[in-house]
Amino acid sequence: MTDVVDATPSPVRLKAVAGPGQPEPTPALEQLYRGFERELLVPLWTEIGDLMPLHPRSKAAPHLWRWNKLVELASEAGRIVPVGRGGERRAIALANPALGGKPYATPTLWAAIQYLMPGENAPEHRHTQHAFRFVVEGEVVWTVVNGDAVRMSRGDFLPQGGWNWHAHHNAATEPMAWIDGLDIPFSYYTESQFFEVGREQISADEQCTPDRSRSERLWGHPGLRPLSQPDAPAASPLLAYRWVDTDRALSDQLAMEDEGHADATLATGHAAVRFTNPSNGRDVLPTIRTEMHRLRAGAASRTRREVGSSVCQVFDGTGRVTVGEQQWTVARGDMFVVPSWQPFSAQADAGAALDLFRFSDAPIFEALHAHRTQVD
Amino acid sequence: MTDVVDATPSPVRLKAVAGPGQPEPTPALEQLYRGFERELLVPLWTEIGDLMPLHPRSKAAPHLWRWNKLVELASEAGRIVPVGRGGERRAIALANPALGGKPYATPTLWAAIQYLMPGENAPEHRHTQHAFRFVVEGEVVWTVVNGDAVRMSRGDFLPQGGWNWHAHHNAATEPMAWIDGLDIPFSYYTESQFFEVGREQISADEQCTPDRSRSERLWGHPGLRPLSQPDAPAASPLLAYRWVDTDRALSDQLAMEDEGHADATLATGHAAVRFTNPSNGRDVLPTIRTEMHRLRAGAASRTRREVGSSVCQVFDGTGRVTVGEQQWTVARGDMFVVPSWQPFSAQADAGAALDLFRFSDAPIFEALHAHRTQVD
Amino acid sequence: MTDVVDATPSPVRLKAVAGPGQPEPTPALEQLYRGFERELLVPLWTEIGDLMPLHPRSKAAPHLWRWNKLVELASEAGRIVPVGRGGERRAIALANPALGGKPYATPTLWAAIQYLMPGENAPEHRHTQHAFRFVVEGEVVWTVVNGDAVRMSRGDFLPQGGWNWHAHHNAATEPMAWIDGLDIPFSYYTESQFFEVGREQISADEQCTPDRSRSERLWGHPGLRPLSQPDAPAASPLLAYRWVDTDRALSDQLAMEDEGHADATLATGHAAVRFTNPSNGRDVLPTIRTEMHRLRAGAASRTRREVGSSVCQVFDGTGRVTVGEQQWTVARGDMFVVPSWQPFSAQADAGAALDLFRFSDAPIFEALHAHRTQVD
Amino acid sequence: MTDVVDATPSPVRLKAVAGPGQPEPTPALEQLYRGFERELLVPLWTEIGDLMPLHPRSKAAPHLWRWNKLVELASEAGRIVPVGRGGERRAIALANPALGGKPYATPTLWAAIQYLMPGENAPEHRHTQHAFRFVVEGEVVWTVVNGDAVRMSRGDFLPQGGWNWHAHHNAATEPMAWIDGLDIPFSYYTESQFFEVGREQISADEQCTPDRSRSERLWGHPGLRPLSQPDAPAASPLLAYRWVDTDRALSDQLAMEDEGHADATLATGHAAVRFTNPSNGRDVLPTIRTEMHRLRAGAASRTRREVGSSVCQVFDGTGRVTVGEQQWTVARGDMFVVPSWQPFSAQADAGAALDLFRFSDAPIFEALHAHRTQVD
């Protein structure tokens, strides 16, 4: 320990420039700025334009990743990169082109494709970062959560609240890919993360999965709460939301709209559900909102801006999406990013409905009373 | 608009290296990594050590700023840098030496000294960033909040919830300095900020201040809620917490301890109060916790680690503080930073009590169920 | 209007008696008591024993009503008492034998058998009292809630939050009986009730019911929230909880117990679910808790005391129940009352499981921080 | 224990009468009604008019008690009725003339004058009923709460959350009277109350009171929360709200109104504060709302109806109050009752302001989402 203030060179660099709201660039100002640098100080007046804009100006860029490219590279990784302790997961993250090569889809969200070869196990660990899996294609992989094996099949959504032990096992004869969403960048930035390594080997009976996990048998009945379970946990105790339910919920909304009940859908031709924690009705994870949207063939969503960022994956169908200045045609598995406060809309092609899975950091802003939405 | 994926060079750079948990650095791996770079992908296995540590390892460093240096430079800025629209405030921010020269005291918190010359006005604006002022010395400056003029004097704490119009005015014949705390880095990082410019001139009657602001006359009576006011606002409707009250609250706790009521203080010889929103009893601002601590002469606090970061200013007295590996003697006005999960303790010198003002980002973690504290 | 205090005889009657804690019965005391009577005053010391007992001593008595008797009388009422505006419903309420002949099952809860003849309509109205229907036998009656027709079949539970328009229609060729539970006594006692008469005739299309109500199509998918619906309503937006789901949830718990997961059930051999509002995970009605319990053949519940009262109906099976000093053998449809703080337990007969539907006023006490439970 | 249903005569009495919504009074109906009586059943159709009115029709009557009468009788009780264990308190309750002579000011609220002779002690006990004291005149009595002695003086308001030990001691040479408000009728009706007898003798040092109680030294500083205290308790941890603060808060509102800030008061010339729990900003007690209102000389309140009942005491001044069909001139100490949904207004005489202390059961209805207010 030491009582002396550190003498390493200051990282602060200030330059007196002319401009509106800026002081005259005089020698005295230059000298003042040298003093600021020496004492590790930065004036507001040189930074305010970037730091405090009139509205969010995201550093992130809208960007699209094609599913065939993701699968191709993940599959090659499956061939040559083993899964095991240390690396922990064969997960390959989307790196937003405007975020300096970091593995961040957006400033707050991690989105990755995870790939598991037949018979492989991803070792057990736990972390405070909240996570989910969403399966765009494939069958017969299981995530084992605190000893409860959860089957993963196309369309299934599996939330994974922080600090639960989990491992993955591929019991099939084919490789399988799915996407992982986490709040890794947010936890990293706010420096709030803990991690712990688990057992080297999950037990045999955890690899032999019943059709439904215990979590589904306890919590998967609509509106019914098991009295044996303690009070509302912050993250969902239900570990799988099956496609059959999600699909039916969306179909029901559109059918009701057809029957004349316009208020059953979010907007004309636009059905949508949010995955929620059945113990409290809130978002499935404290920091991540997850939703499934369905646009009827030919229908378009309204254009929407929102504080905070999101990532979408096309679950089914084809269409066009617009994010800020970008527009793309999209098909099954394609993933794209909507930065904070950028206008976003989607339109299904004439021939088929468009199903979009979407996750965002909205719960953070709602919890802190900082949420804003603008619908055109 | 375009349907073509951007062709600028990828910012992703991957290097195959040998090591535990890393795949063999073969030509095939190199080729895979080139594919990742091209497609803007980053594997977890090369990043996990930094991204998902066993516990928070803050990028920020413990650091101390001496008050006399801060005032000396702020005063020089007072001489040569005008205050006005564009620069908005003569505020000079602490730049943590480990955060790349950015004006961030910690990854989430902004801490600055603000300086106003006699007769000067800092122009009216509003922003969603939450703010407060704390006055370590001086008198007779007013902050005008939505037309309510709030006097600032030594020891006073003035919270400023987001999106309220505010301006400052120095009605004295002397310059005055105080500190500003804001969640600017957090808002910047999460891309959730809005800003609006106000009137060029605040009215004359707003510069002629009564002893107590309207906010204090409405909300400053202990436990009494004015029925004319709407339901609990997210940020405190009370715009000034006067030193006379804070001081008395701390003295009362120590006096009760002397009388044998050990549970009146946080620990032996350690009195502490939190500034709270009287409409709901919660933190005064949705993202910032603010507290005043008093250690009796010779007393020491317990050592504490906490998820999230904080900034302290010595309000009165002298003592020694320890943050991680650093230790400093401190005196009136000195400011220092406690990074996430670094152990922190303070000790008053034998001759006098030590009064410490402290602010932190704890409400963010509590709202998201991510708070952890360890007291040794 | 008048400024004169009313001169009608005082209802207060006081008698000076000897006893512990009582003042000496002297002429002066008698005179004082006459003064109290005249001025409409009652001293605490004559009342405290009854008013402020050491623990709740319910005025209500444990009591059992046999289903065959209820149906027999309801059926006779079906023959001779028409349903229509004014009487509103052919509902026949349990009158606790210790509550003075009032139609109260317990001090706070109303429990009635409702009976509807083929083709009959019970007219539309709404009231702030919260209600539910539970169907122990029968089919093909519908409750129409705000124009949404909800089919009622054996085992179905239908909550009905206050201030929703509703009517009933029997579309079958047989009469049908079900039970109604409401907070009528509580609303009556606290004087908080409003009532409004609806349309004389519900429309034809409201009498032509699809298999699932719109409420189920919107809210009946586990963990999925329709984005078209506004924020969490105080009473459940899901208007039917189907027996197929309830039955499966209970079976699942017992199956998991069989597989070695003891924490899946409330106690050994005792499965239980609570009907909850899917928008917030809380009780389905703000004042009424509703649950379904299943005891395996031969299993017994633990003995439990609780602040507040409840009413149970045997849905299936046979067994013995003990309430305070009372014990009864019970069979399908039988209803009984558990007064506040009376010990309650149930045991299934050796031959078959016992399914018990239970409703209580527990949410009132939880909302007011007055709940207490004691499990032996 | 017994398996036989009780054979005591049924308390149910039904009478077939002609009338709208009533079945034809035939012999068959009479026979049905005899069956109902035998089986302890009551049909809705004979009761609905009273049970489910269009809006609350309170059983309670508006009524006024004159302070001089209350004090006169309490003083006589002081002379001849000792205070001690068993009777517990020399408290004399208002018995609403329309509530059958029961010691209930309204169906849910208890209001009493309590009287203590010089040197007397009211013995220690605790109960789950929530209570408060309000002092319209007198000095130098103390309530000792969990060993913390709280001085009582004119204008002071002392809340007493359920299940805290408390005793009273009169240290003066004069008798003293104050009013007690409790939720005794509500607890009694809902059968949720517990009671425990305390020490026979409070200790000498508990009778030697400092100017401020420990609770005030911990919690009586506006907006400051002692860090030593645990999370927000359901009832206020602040045990005295001093008149000096209440008076100043009301004066401040009227002064602000004079300065042109119309939104500082509830209505023109009408200042009002609510006593709140400083740990959460909510009502000071979970079941009782307490407020102080001040009408300027000559000013009148708006007419207001509210679900739930209240009791008022004139703290100072003279005026006229209107409750339903009743109107009274009132002066210091007079108490009156406002039944549920009855219109209420007050007007100060031309010569002086009117200060009204008011308590109600509003928190019960707000917690259960059953509150309604109508302001004309």
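Order of writing sets the chain letters: A, B, C and D. Residues in each chain are counted from 1.
Operating definition for what follows: a contact is a pair of C-beta atoms (placed from the backbone, for glycine too) under 8 Å apart; a residue touches a chain by one contact, two chains touch by 3 or more.
Please read all numbers here as calculations on a predicted model, not as lab measurements.
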The chains touching both chain A and chain C are none
I'd like the Å distance between the centres of chain B and chain C, where a centre is the mean of that chain's Cα atoms.
52
Averaging only over C-alpha atoms, locate the centres of chain A and chain B and give their separation in whole Å.
29
Counting in whole Å, what is the centre-to-centre distance of chain B and chain D, each centre being its mean C-alpha position?
44
Residues of chain D that touch at least two other chains are none
Chain-chain contacts as defined at top:
A-B, A-C, B-D, C-D
Please name which positions on chain B make contact with chain D in the complex.
214, 217-228, 232, 236, 238, 241, 245-246, 248-249, 252-253, 255-256, 261, 263-266, 272-281, 284, 291
Within their complex, state which residues of chain A touch chain B.
1-3, 5-6, 8, 10-13, 20-23, 26, 28-29, 32, 35-36, 39-45, 47-48, 51-61, 63-66, 69-70, 73, 76-77, 80-82, 84-97, 99-103, 107-108, 112, 127-129, 162, 184, 186-196, 234, 286-287, 307-309, 322, 325-329, 339-341, 361, 363-365, 367-370, 372
